[in-house]
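Here chain A shows up in two complexes: once beside chain B, once beside chain C.
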Partner chain A sequence: MIKGWSLRKVSTEAQLLLVGIPVVLWTLIPVYHLFLFAISPRDTATSGRLWPKSPTMQNFEIVFGQKHFYLSHFWQQLGNSLLIAIATGALTLLVATTAAFAISRLKVRGGRTVMNLALFTYFIPAAFLAVPMYKTMSNYGLLNNRWAMILAMVTIASPYCIWVLKQASDKLPWELDEAARIDGASPLQLFRLVYVPLMVPSLVAVGTYALLLAWNEYLYGFLLLSKETDLPLAVALGNFLSADDSPWELLMATGFIYALPPAAIYYAFKRYMVSGLTAGAVKS
Partner chain B sequence: MAEAVATLPKVRRPANSWEIWGRLLVVPYLLIFVIFVVYPVGYGLYLARDPQNYVRLFDDPIFFRTAINTLVFVVVAVNLKMIIALGLSGFFAQTRWWINIVALLFILPWAVPSIPTILSVRFMFNSEWGVINTLIFKLTLKDGPNWLNDPTIALGLSMMMHIWKSLPFWTLILLAGRLAIPSEQYEAASVDGATRWQKFRFITWPSMKGLYLTSTILSMIFTLGDFNSVYLLTGGGPADLTHVLATLGIRYLRLDQIELAMASIVVALPFVLPLVYVMMKRLSK
Partner chain C sequence: MASVSFDKIEKNFGKVKVLHGISFDIADGEFVVLVGPSGCGKSTLLRMLAGLEEISGGDISIDGKVINDLDSKDRDIAMVFQSYALYPHMTVGENMAFSLKLRKAEKALTEERVGKAAKILNLHTLLDRYPRELSGGQRQRVAMGRAIVRDPKVFLFDEPLSNLDAKLRVAMRAEIKALHQRLKTTTVYVTHDQIEAMTMADRIVVMHDGIIEQIGTPLELFDRPGNLFVAQFIGSPAMNVFEGTLRSQQGRPWVEADGQQWPVGPVAGGKDGQGVHYGIRPGDISMVEPAQGIPATVVVVEPTGAETEIILQVGETMLTLVLHGRTDVKPDQAVGLQIAAEKVHLFEKSGGQRIG
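What follows is the complex of A and B.
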């Protein structure tokens, strides 16, 4: 008998494979279909083959060269996505970190109420808030301005970030603050020299969360922006659907390019994201 | 006596520089909250104040269909997703080198933006050129179903899309809960000859049911706001039969009927607010 390979063990492994294989197929088919389209020449993409007869980079050339009606502002729109994501990430980080510091470490009066208001906002489904938000941005004269989308995304991202940061900063030892106070540190020095350096992992997690939220957002961009040159890539992708004979292979190639940065960031920061966000997301 | 107490000066901490800085530092968030949450919500409710809006809303046949669709979406898709996530968390808790690789691939739907993958699935199910019907034709020489033009199938596919996208997240959450159970409990149960079902029934479930319930409620709230899985796959069609509340509100908005859009949200509040209340209680402990 081979060491360790009993019949029982083989059966357990087989059962695990019976779960693992369908899970991999279910996960990968839509992504693989997207990729297959992106590297297929126009007419052969729909043949149902597992690998194109003549894979090509031609679709990417058309996208990067902006050589199609739907893609005439590709670089501008990629830049818009980037701008909106980075601005949302930076502003959210600023707003959430200061609020979490004031609530958790400075124990500001009414801090608990602010926390509850933020939590309540977190639970308003974003698609519901979108309706009055549209009207509000119009009243503020911000419609068709990229700031409208940035500010809306900060509004949606910050409650969760404040909550995650507060959970994390409540765990920092209180003696640090006391030592800093005895040494005569001002609140700002405590923030800059003690608090922020200790919170770096959580800050990376929530900053990335806000950045990805804004990059991935479709609905708010679709409502608040309409000029071709203001649109983020997500909305530009949705606009491909406006005609029946859309160039699907170009849509998929653009979608592939659009999906790469967030996927890369996600996998690069996976350690922070998973521990930081799952610990915060649901407390049993 | 009461008088004596009343005349005592109120004991208040003087607003020292720490308190002042504390207040200053919550101001940025409070500004965001007032300008982009309080004002829109208040203004929206003000727009929806006329009872006539609700009469018009209930007279719209699409609204009734949407309410049913939303209920089905939230109850069926969320529970199906959470049960699968609970099962899969058991799978991913196993230590095998290849399961680690599967886990890396498995979070892909969560890591990539939803628009490209939803559009990919939309084209897979295109009845004329999609790969699914091409394969069905090759294998059976018959035309496949008209997937996205059948309201029942289209709504089903939207739910499938929703599950595809958010299953990894909830599986990770439940996996974290499962890994927090001390392994000694399972070892002791094995010594006593417990079956796999008994281990689940008497060890796993009792320590995970709180987390499972919280996750289910939270997922229901989030799912109510899932605009993309429906809008980008079916566009609410065919014939506006696959709308959910999230897409119906936007449809009214696009038709310049913001009062109806707000009214459709207000009628959902009696169902949403209790869920939110339960979540606030659980999370602000």
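What follows is the complex of A and C.
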């Protein structure tokens, strides 16, 4: 009996490993290659070795020192990326939190319609909306302005965030609102003093989602911004490929640097990510 | 402190009418319990008084002033919820001070009020704890503390003890009653538990299907229930009720049921041959020798220590009898029943209104 049980346990373990190992390799091998390129000298970058003969940090020095034509605005562009990501995260949070509060807690009329429309936006891939978005931004005279990118990303991120926050809001006990109303809270005080503090885990998750979405966005940045000093780093990285003789090792070194902040953010907030994004998924 | 008055209160949820013209007054400092089975509209009525539900018809006034269109916060009431509704991200002290904070009260005043309430409720050692670190009874006390700090005109309680275990419920019951005796604040208390209603209330309002069945002090309701519903709802174990026919000869009335003659007190009205519900409380029946009373058979004996509950069968009718003390009767034993005729309640067969 005991033997049978442990056999079954071993086989379950083996099955998990059978699935797990390929998934881990699948994820890590490209990252490893990114890293390999980044620490290889230019002439041996494509040699195909598993570890470079003479690993070097020179590529990072070039990147940080902006010592290459493609990298002449590296710090500015990294700053652009940060600005766009943080502004998108903050604005999306503002839009989504207030919308979710109004729909879920204040039960404003038309809330259901807004929710349905929000869902509807995801029937159309964001890429299809790129050209209309370009036209809209041009109408408002926002082309070549980082605000264009920020507003576009807020537009794309908000509907999903509203959904997640609405679901999470619905789980807060209704009596809390009633108690606060009797205690004398206005809707704004209810929002500020009761609702937001209780929604923190979901807000962190949703804010991080919007922030990473903007950080990783390429297409909209490519379309809406064209001045070198306005570009986010993601678009600038793409420009490396515009020449025949691309400096791969620098592209990879920059890419590696670019990948670090999201990894750090995700790691810092992963506790919230899992609980926040699944909040309201099941009735507890 | 204030009086409360309900005048022809109606409530509709869409096409469904849940309150049909409720009218009654609550005196200053009175402890009134709204009691009834679930769905009778008692909580809805309380929530309308709190300003959490709109009023479909009629007027609610506090101290003679109609408050229909006032916001909850301007009605000067405080409410204790069944689920406590404590703010999870605030400490006990912050929870209790929240309403004063919203009113921008001075810090010294807030501290004084919170300190006083905490002392009354024995919470002063818990002020820095969070609600999740408290037991059910402590949370309930914090919810009450939050209400006391407000020093409102009226306290509202919405089934505050339903989430507690039986022992704690009895303890909290006494605590709430003691609190009312100390503060003398007008209190409206909603419960479905008639024992809570009996033990705590100055006056009980029995509700059923959106109407008031009867209003009275606990003992009035117990001794002279106005109709069959109240008779069966108030009292534990419940009143024995069965159908029979009222007979009367030479001014001496009795009820005929199950082939037996059941005694009726002298005051009972009604006319000969009328169909009635015959009601007698379990404590108003006693056991005698089989030959002397109405013949019955013991079915179940349930000793509870101080009292013994006995279930008996007379013909097709099952009766409950409560005996103070103990007994050595056994199931299937034949006994005689004697009924205190002056304690008998008669109700019309149709409508269930009290006769006499």
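Heads up, the rule we're going with is that the second predicted complex is superposed on the first by the 254 of 284 C-alpha atoms of A that agree within 3 Å, B and C clash if a C-alpha of one lies under 4 Å from a C-alpha of the other, contacts with A are read in each partner's own complex, and residues count from 1 in each chain.
In this text, a contact is a pair of C-beta atoms (placed from the backbone, for glycine too) under 8 Å apart; a residue touches a chain by one contact, two chains touch by 3 or more.
None of the values given here were measured: they were computed from a predicted structure.
K.L.:
If you tally the residues of chain A touched by each partner, is the higher count for chain B or for chain C?
P.N.:
B
K.L.:
Give one of first, second, both or neither to describe whether A:83 is in contact with chain B, with chain C, with both, or with none.
P.N.:
Neither: A:83 stays clear of chain B and chain C.
K.L.:
Once the shared chain is lined up, is A:142 touching chain B (first), chain C (second), both, or neither of them?
P.N.:
It touches nothing on chain B or chain C.
K.L.:
Quick one: is A:197 in contact with chain B, with chain C, with both, or with neither? Answer first, second, both or neither.
P.N.:
second
K.L.:
Tell me which partner A:189 touches in the superposition: chain B (first), chain C (second), both or neither.
P.N.:
second
K.L.:
With both complexes superposed on chain A, which partner does A:237 reach: first (chain B), second (chain C), both or neither?
P.N.:
So A:237 only meets chain B here.
K.L.:
Once the structures are superposed on A, label A:131 by its partner contacts, choosing first (chain B), second (chain C), both or neither.
P.N.:
first
K.L.:
Which holds for A:178: it touches chain B only (first), chain C only (second), both, or neither?
P.N.:
In the superposed model, A:178 contacts chain C only, not chain B.
K.L.:
Quick one: classify A:115 as touching chain B (first), chain C (second), both or neither.
P.N.:
After superposition on chain A, A:115 lies in contact with chain B alone.
K.L.:
Where on chain A does chain C make contact in their complex?
P.N.:
My answer: residues 173, 175-176, 178-185, 189, 193-194, 197-198.
K.L.:
Okay, in this complex, where on chain A does chain B touch?
P.N.:
Touch list, chain A to chain B: 16, 19-20, 23-24, 26-31, 33-34, 37, 46-48, 94-96, 98-99, 101-103, 106-109, 111, 114-121, 123-136, 139, 151-152, 154-155, 158, 162-163, 186-188, 191, 215-216, 218-219, 223, 234, 237-238, 240-241, 248, 251-252, 255-256, 258-259, 262-263, 266-267, 270, 274, 278-279, 281-284.
K.L.:
Under the definition above, what is the set of chain B residues touching chain A in their complex?
P.N.:
For chain B paired with chain A, touching residues are 17-19, 21-26, 28-30, 32-33, 36-37, 39-41, 43-44, 47, 88, 91, 94, 96, 98-99, 102, 104-117, 119-121, 123-124, 129-131, 134-135, 138, 164, 168, 172-173, 176-177, 208, 210-211, 214-215, 218, 221-222, 224-228, 231-232, 235, 245-247, 249-250, 253, 258, 261-262, 265, 268, 272, 275-276, 279-280, 282-285.
K.L.:
Provide the residue numbers of chain C that touch chain A in the complex, in ascending order.
P.N.:
Residue list for chain C touching chain A: 50-52, 71-73, 77-79, 81-83, 85-89, 98-99, 102-103, 146, 150.
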